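Mind looking over this structure? Questions follow.
A, B, C and D are the chain letters, set down in written order, and residue numbers restart from 1 in every chain.
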Amino acid sequence: MTEQSFDLTRRETFDSFTPVTIRFSDQDSMGHVNNVSIAAYVEVGRTMIVQGLLDRFDHPGLDFILARVVIDYKRELHYPGTVEVGGRLIRMGSKSLTSGYGIFLGNECVATSESVNVFYDMNTRSSVVPPQDVQDAVRELIAG
Amino acid sequence: MTEQSFDLTRRETFDSFTPVTIRFSDQDSMGHVNNVSIAAYVEVGRTMIVQGLLDRFDHPGLDFILARVVIDYKRELHYPGTVEVGGRLIRMGSKSLTSGYGIFLGNECVATSESVNVFYDMNTRSSVVPPQDVQDAVRELIAG
Amino acid sequence: MTEQSFDLTRRETFDSFTPVTIRFSDQDSMGHVNNVSIAAYVEVGRTMIVQGLLDRFDHPGLDFILARVVIDYKRELHYPGTVEVGGRLIRMGSKSLTSGYGIFLGNECVATSESVNVFYDMNTRSSVVPPQDVQDAVRELIAG
Amino acid sequence: MTEQSFDLTRRETFDSFTPVTIRFSDQDSMGHVNNVSIAAYVEVGRTMIVQGLLDRFDHPGLDFILARVVIDYKRELHYPGTVEVGGRLIRMGSKSLTSGYGIFLGNECVATSESVNVFYDMNTRSSVVPPQDVQDAVRELIAG
């Protein structure tokens, strides 16, 4: 079975979007939205996709920790305006889950991101292989 | 002539609103939106009201500098959600202009702010009494 | 008894300072440190002064909520650099405590702030007059 | 010639460090420093390493744009405190320059980052292969 690949620069890749309004203070001394603010936009998308994913399972103590964020900056962005952050699950490792994001101004992609969350057992305070039902649900979401 | 007073906690006080989406990173370790993020929301409103005000006049070098911001925190605010920032001019001093803001979640006021901008001559690098036409226009906006 | 007044623009007003390093992302499109970032600097000072104040008393459920922040902007500030935030208690109301801050770059004051925290009973979820021992301690700190 | 590799989790990898004070508002509702704030810390390091790199050359219009930021989160970080951001050049592509960062609390690495800047010609508004003297200087810095 080959791994699916997703073009995060295309709106069609995403089923769900969340709007984020640009703030004046997002701009830096270069006169465009600072890369750090883009990381905050990505996080809004991530909370929509990853947070709550484990709520429908009965695995007390199973949680995620954020291990890695990669952001590719494609275009300058300016205040004022509203971007839309598309997000979806894109890959599962043995103990990790990768989600992908596209940040769009209209149809134009201004940045993409991949974030890696690690399955974490709050009781043992260590990363874990998630239970089979979680694995199945995640694979289904990636395929869908 | 008595000074007009405005109840910034009421939506009816404002003609114009601008939406600001709350971000996950706006929340602090108390689990609610941090006071500093509210200052960023106020700034979005302020750029809508104060920025551009001088564009229709032909007074080269006349600008504003931000001198004071007062924020009154009324209620806790939580992610996710979208607030609306209402803004209007509320007072003119000899060299300054005060604008007022209400931040609303639905009909509920979560914070109000008054900001003082000072008329500033970029050539002499000092505060100035604005020309009569600017004074007239500002008074009209306050009255309206 | 007359109320004491404090000149927040003078380093001598403060006994305690905390350093805050300026970040590139603190600057806005005007090329100087944004007013919102200054609010974050003030907050660092406030946590040093106000947080922990109630720890040495045995009044379970007594806490503070932040009700108001006033910031006066005195000078432009630029990256890179480190400011020092001086803080002290300056006033007590029947149910509130006002603290004052000066933000300094070397000996130069770039901004001052007053913050109002309200004494709050977490059990009744309402503002309260603080117990006598807290009042006494606060008055002593203001006088000191 | 094989590419050099650098262990960004070790202080010894870096010659230069810049301090960044943690702010109360850096913490999120999980009670630890938010990933977005870590991106702001990395940026402070990056401006120290990458900004100014082209100043000693006479290539008008040659600049950098930020193309990619990767951050690996290693440990939770809490307010208050001061981290040190170590930075160094680690790799050169045909039109790009990669810099590496380690964020340390004492000797403990809390995060690492790689950032990719692209050489950019402000006149043609496109990415460019940098002139030979810049390439030589960058290679020397990477080796050093």
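For this structure, a couple of remarks:
To be clear about the criterion, a contact is a pair of C-beta atoms (placed from the backbone, for glycine too) under 8 Å apart; a residue touches a chain by one contact, two chains touch by 3 or more.
Since we're looking at a predicted model, the values are computed, not measured.
Under the contact definition, chain B and chain C share the contacting chains A, D.
Between chain A and chain B the CA-based rotation angle works out to 180°, given as a multiple of 5. Each chain gets a centre from the mean of its Cα atoms; for chain C and chain D, those two points are 34 Å apart.
Averaging C-alpha coordinates per chain places the centre of chain A 37 Å away from that of chain C. Centre-to-centre separation between chain A and chain D, using Cα means, comes to 23 Å. Touching of two or more other chains is recorded for residues 24-25, 34, 36, 40, 43, 79 of chain D. Note for the complex: chain B touches chain D at residues 24-25, 27-32, 34, 36-37, 79. Taken together, the chain C residues at the contact with chain B in this complex read 34-36, 39-40, 43, 65-73. Note for the complex: chain A touches chain B at residues 18-21, 23-25, 40-41, 43-44, 47-48, 79-80, 82.
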